[in-house]
Amino acid sequence: MDELDLQQFAVGIDLALEAKELAESGGHGPIPGVLSEITDEEGIKITRLQVQNDEGARALGKMPGHYVTFEVPDLRKLDTGLQDRVATKLAQEFESFLARIGIGKKANILIVGLGNWNVTPDALGPLVVENVMVTRHFFELMPDQVSPGYRSVSAVAPGVLGITGIESSEIVQGIVERAKPEVIIAIDALASKALERVNTTIQIADTGIHPGSGIGNKRRGLTKEILGIPVIAIGVPTVVYASTIVNNTIELMRNHVQAQNGNTDHIFGLINKMEEKDRLQLVREALGPLGHDLLVTPKEIDQFIEDIANIIASGLNAGLHDAVDTSNVAAYTH
Amino acid sequence: MDELDLQQFAVGIDLALEAKELAESGGHGPIPGVLSEITDEEGIKITRLQVQNDEGARALGKMPGHYVTFEVPDLRKLDTGLQDRVATKLAQEFESFLARIGIGKKANILIVGLGNWNVTPDALGPLVVENVMVTRHFFELMPDQVSPGYRSVSAVAPGVLGITGIESSEIVQGIVERAKPEVIIAIDALASKALERVNTTIQIADTGIHPGSGIGNKRRGLTKEILGIPVIAIGVPTVVYASTIVNNTIELMRNHVQAQNGNTDHIFGLINKMEEKDRLQLVREALGPLGHDLLVTPKEIDQFIEDIANIIASGLNAGLHDAVDTSNVAAYTH
Amino acid sequence: MDELDLQQFAVGIDLALEAKELAESGGHGPIPGVLSEITDEEGIKITRLQVQNDEGARALGKMPGHYVTFEVPDLRKLDTGLQDRVATKLAQEFESFLARIGIGKKANILIVGLGNWNVTPDALGPLVVENVMVTRHFFELMPDQVSPGYRSVSAVAPGVLGITGIESSEIVQGIVERAKPEVIIAIDALASKALERVNTTIQIADTGIHPGSGIGNKRRGLTKEILGIPVIAIGVPTVVYASTIVNNTIELMRNHVQAQNGNTDHIFGLINKMEEKDRLQLVREALGPLGHDLLVTPKEIDQFIEDIANIIASGLNAGLHDAVDTSNVAAYTH
Amino acid sequence: MDELDLQQFAVGIDLALEAKELAESGGHGPIPGVLSEITDEEGIKITRLQVQNDEGARALGKMPGHYVTFEVPDLRKLDTGLQDRVATKLAQEFESFLARIGIGKKANILIVGLGNWNVTPDALGPLVVENVMVTRHFFELMPDQVSPGYRSVSAVAPGVLGITGIESSEIVQGIVERAKPEVIIAIDALASKALERVNTTIQIADTGIHPGSGIGNKRRGLTKEILGIPVIAIGVPTVVYASTIVNNTIELMRNHVQAQNGNTDHIFGLINKMEEKDRLQLVREALGPLGHDLLVTPKEIDQFIEDIANIIASGLNAGLHDAVDTSNVAAYTH
C-alpha cells in the first residue's frame, strides 16, 4: 500500500481517533475494516482501534495496526492521584503492545524522544528521555550484577533537522545499527484537531512514526520498513491549528443552538449544511492569506509538558521492568 | 471616574487599539474624546491614541492618557535588522513619554517586570528585567565615578501571587518606599483579541497597570494613585482566548466571502448580522461548558518571548541612558 | 556590641561550627561563653552551639544566639531515604527555633531566598522559594476557607545587587513593611573552610543574616535590629575558597604523616609549627598576586543544589504547617 | 604504539601543555621528539606543540600529533572585545588544522559536542552544538540554492552513558556511518592541573578524543582508528582536582618564599625536596580516605561556560565557512 496515498487523505491528522471521527462524520455508520472498543473508568477513557486491512486504512488515512488512545480531560487539573492511575494503565498497555508483537521480557529496548527541546510544546520526547530509567550500560559493563526484573533499556533524543542538520530518522538508524535494540518506542508531540484534546490525550500505536506526522514535519519516518525492527509510537497532541479550533467551535456552536431548539439553518445559513471538510477549507482560506493559521498551544504548556512527560516515563519504567511496579514507580522518575 | 465602571466595558481587552476597534465596530465614525494618528514606515506601524477625557474613556473602557502601539507583523520572522529598528524607535518613544510627563534626564527609574517566570508566555517582564542595564547601585556606592550620560536605573521582578503569596503591587509599593524612584516603567504580558497581534505588537501607555489586565489577573494595579509616582506601562500580547480566535476568524470568513462577491447573508445566516459582542457571547457559550475557552499562545512562544524581551530591553537601555544609543545598544543587552 | 569588631575576627567564616573549630585550634580547651552539644544518629550529626554572651561572641566572631548545624556527609550520595530523614529532622528543628523565640503556631512567616538564580551555587535561596508552599494569599482572600493546620506563609527571592541595583535587605525591608510578617526565615548559600562540608551541611541560626556573610557579599544584613522582627537564617555552604582547601589539606597531610609515625617537623619544616591563621596567610599570599584564590564548588553542583533546596523546602513545609507532616511532606514540594 | 601504555603515564592529564610541564619538571631540558613554539600577543598566549614520534609520545603520555593551546587569563573578565579576538584567532587555527590534514573547503564536517548538558561544567560540548550554524540539510534538500562560501556542517550532542545507556562513541559511529562526514570536530570539557587554566584555556589537537580523557570518563574514544575519518578535538578545562589545586599551590608557596629570599628547606622541610609526583601522591593519600578529592569548578561556571561556548561556536562558524568572517561572525551565533 502506498504511503503517499494515505497522506492525501489525512494531512495533519495525527490521532487515529480523530481520523475515525472525520471518516464517520459523513454518517454512514461503522467503517469497514476498522474495529473499535471504548472503556471509560475513573475519568480515563480508553479507545482501542484496530485498522484491520487496506480498506480500513484507506478510510482512515492510517496504516493498518493497533491504536490505543487515552483521553483524560482532568489531566490539566494537576491531580497527582489521577496522574499515578494513568501511568499505571499506560504501563499495562505498554506490556500488552510488546506481548502482541511478540517481544519478550528480556528484549532490549531503545526509547527515542523525537522533537525540539528548545520549543516547549515539541519538547515532550526529549523530556521523557531525561526521565526514563536507562539500564543498557549495566547489562553491557556488568551483566552478572544486574538484579532480576530489569531489562536492557537505552534512550536517545536525536534532535531536529534545524539543530543537527541530519534527519532524526537517519540518526536513529545509525544508532540502531550500533546498539542493536529489538524494538523501538518512540515518543513524539502531535497536532490535534480539538483544543480539548491538547495535553489530555495519549495515543499508543504499533505502526511507527510516519513522515509528516508530529509537530516537527519529519520527511522520513521511523518504521519497521526503514529500521528493520518494530516501532511502537507514543504520541501526545500538544498543539492545534487555529483553523481547526475555529472549525471545531462552529460545530460546537451549532450543537449549542440546536440544544436550545434554535433553527440552525436560520442562524448559520449555508454554513450549517457544509461538510466539515468544506467548512475547514473556507476557514483556512480566510486565515491563510494573512498567515494566521498558526499552531497554538495552551498558555500553561510548560507545566503540562512536564507532567505528561513524567506520566509517560513512569508508565515506561513500570511497563518495561518487572521489578518496577505501580507502588514504587515514582522513585525511578525525576 | 470609577475604575470598576470601565471594567464592565472592557473585560479582557488589554490593547487600547483593540478597544478602539471594538468601539468603532458599530460604525458611527470617530469616537468623541479619542484622538488617533497612524504612521507606517519600513514595516513598523505606529498608532498614537490619546484618550482625552471621561467621554473617550467610557467609550473605550480605557483610562484617559496616551497609548502608543507598535504593530510589526514581521517580528515573527527572526529578522535581526528589523529587531534593531524596532528597538531604536522604542527608545525614542520611551524618551517622549518621559519628557511628556515631565521626567528629567537624571530622574531615578524603577523597571518592574510583572508576570510568572515559570510560564513562558507570562515571562516577558522578568526576562526584560534580566536584560536591562541596572545602574542604581553605582550611583549609591560610588556616585562620583559614574560616567556622564547614565541615570540611576533599578529593576525588579516581583513574581506572582501563586509563588509569593503577596500581591505584586504590594511588593512594588514596598520597594518604591525604600528605593525612592521618580517613575516606574512596568512590563507585562497581555491578552489580545487577534492571533496575528500576538508577539508582534508592543503598547506603551502612561496610565499604569490596572487590576485584571495582563495575563496574571492582578487584583491591585500599579498606578500613580497607588504608588504616588507616574507609571509607564509596556505591554505585549502573548496570548489570545480561543473564543476571540473563533470570533475574529468568522469576521475574516465574512470578509473573504464578500471579497469573492458571495452572499454573506445566505452563507452565514443570522451570524452575518450579529453585532460582534453578541457573536462573541455565542462563541463563549458554545465553548464555555466544556471549559474549552483556554488562553493559547503560538507554538514558537519560547523564541518569540526571548526576542521581544531583548528588543524592549535594548529600547530601554538606549532610551534611558544618553550614553547608550542605537549603534551600541546591543553591547548592553544579553 | 560592635558588629564590625566581630568582622575582624571572622572574615569569611560563615559556619559557627568552623569559627569554633578555629577558636579551639589554639588548644586551650572549652571556650568561655560558648555551650555546645553534639548528637549523631543514622548518619546525621547535629551540633548545637549557643553563644551565650559577648565573651563567647568575641571568641568565635559570631553574634550571641543559637546555631544548630546538620552534617550529613552522605547527602552527596543521592539517597532519597536519607534526604527524607534530614527533612524530617529539619522540620523539628524549625519548630524548636520558632518556639524558643516565642513565635506561635498562627504567626505569619515570610521566607526570603537570598542569592543569584543565575549562579548555580548561589541559587539555593531562590530555589527554596520556588519549592515552598505559600498560603498567605488564601488567608488574605478567603480566610474562612483555609483548613486548620496551616499558617500564613509568603516567600520572595529579592535578587542580588547586580541584577536589581537595590540591596536585597532594602527590598526585604520594603516587603516587610507591606506584608507585615511576624518572623523571617532567610535561606542563603555560604562559603565553607572545608571542601567536605560543601553541600553536606545545613546551619540554622536565630541571629539573622549579617553583612559580608554568604556568597553574595551583602553590605546590609537581615537582622532584628534592621527589620524589627526576628530573623532565622538557614545557610548551606556551597562554595569554598581555594586557599582554605589548600590550608585544610596541609593539615590533613600532617595528620596523615603523623598517623604513619612520620616525623612531621622533618617533613613539613616550619610549616608544621605555624598557627593555622599564619599558614592560611602564607597560602593566600602565594595565591593572591595571580588572582587564583577563587571560590570553587564541586562539579556536581547542579544536582546538589536541587536536592538540598528540596530537603529544606520539605523541612519548612512540614515544620511550618501542622497539617503537613513527615508522611506527606513530599506531596507539597516539587 | 599501545594506547594503554600512554595512559599509565598521564592519568588525568588532559592538556598536552601540562603533560609537557610535568615532563620538564625533572629539569633535563627540551624533550626529544617534542617541538614547541610560543607566541603571545594582546593577552592571548598560543603554544604550538608537536609530538613528533613515539619517543615524544612516551615522554608526554600524549599521542603523536599537533596540539595548539590558547591561554587567555582575562577570559574571565567578560571582555567582549577580547572574546571576539579569541574567536577570530580560533577560526584561523581551525582553518590551519583542516588544511594540514588535507581537508578541503568543500568537505562535510560533523561537529560532536561531548558531555552532559545537566552538569554545567560538562555542558560545553552540547552548548557549542546549540550555537553553531548547521547547513547539511540545505545541501541535502536544495543543493542548488546554497550560496557559495558555505560548506556542509552537521552537529550532534550524543549525551552521556548515564542518560542514554549507550557509549557516546558508539552513537557517533552510527551517525558517521549514516551521515558520511569527512572529518569530525569534537568538543569536550577537560580537567586541568591548575585552577588558573580553568575556563581560560582552549586546546585544539588533531589526535582525536581518547578513552578516559575529559570529565565524563569515556571508555571508548573518538579517533581515526575507530571512526575511519580524522578527528580534531577542541578541549577546555572546566574542572580541577582538589588535590592538584593543593599540590600546585604548595609549589606557588615555595616560589613565593624563595622570592622573598626565605630558606625553603627550613620552612618546607622534606616537602621542599620532593618530586612533584611524590608530593601529589602524598596529597592524594591525605585527601583520599575521606573522599575529599573532588573535581571542583569556579563558582561563576554558568557564565564562563556560556561565554566560552559562544567563542568556540563563533570560531567554528568563521573558520568553517568562507562566507562568515570576523566582521559578521556574531550574527551567526546566538
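Labels A, B, C and D are assigned to the chains in the order they are written; within every chain, residues are numbered from 1.
Throughout what follows, contacts are C-beta pairs under 8 Å (C-beta built on N, C-alpha and C of every residue); 3 or more make two chains touch, one makes a residue touch a chain.
Quick caveat, the model's predicted, so the values are computed rather than measured.
**Q** Which chains contact both chain C and chain D?
**A** none
**Q** Starting from the Cα centroid of chain B, hunt down the chain whose centroid lies farthest away.
**A** D
**Q** Just give me the whole-number Å value for how far the CA centre of chain B lies from that of chain D.
**A** Taking the mean C-alpha position of each chain, the two centres sit 47 Å apart.
**Q** Distance from the CA centroid of chain A to that of chain D, rounded to the nearest Å?
**A** Here the centre of chain D sits 42 Å away from the centre of chain A.
**Q** If I count partner chains per residue in chain C, which residues reach a count of at least 2?
**A** Within chain C, residues 118 contact more than one other chain.
**Q** Report the topology of the inter-chain touch graph, choosing from line, ring, star, complete and other.
**A** Chain contacts: single closed ring, each chain with exactly two partners.
**Q** What chain-chain pairs meet the touch criterion?
**A** A-B, A-D, B-C, C-D
**Q** For a test of understanding, state which residues of chain D touch chain A in their complex under the given definition.
**A** 118, 129-130, 134-137, 152-159, 161-167, 170-171, 173-179
**Q** Which residues of chain C touch chain D once you look at their complex with the stated criterion?
**A** Residues in contact with chain D: 118-122, 195-196, 215, 239-240, 242-243, 245-246, 249-250, 252-253, 255-257, 265-272, 282-283, 285-287, 290-292, 294-303.
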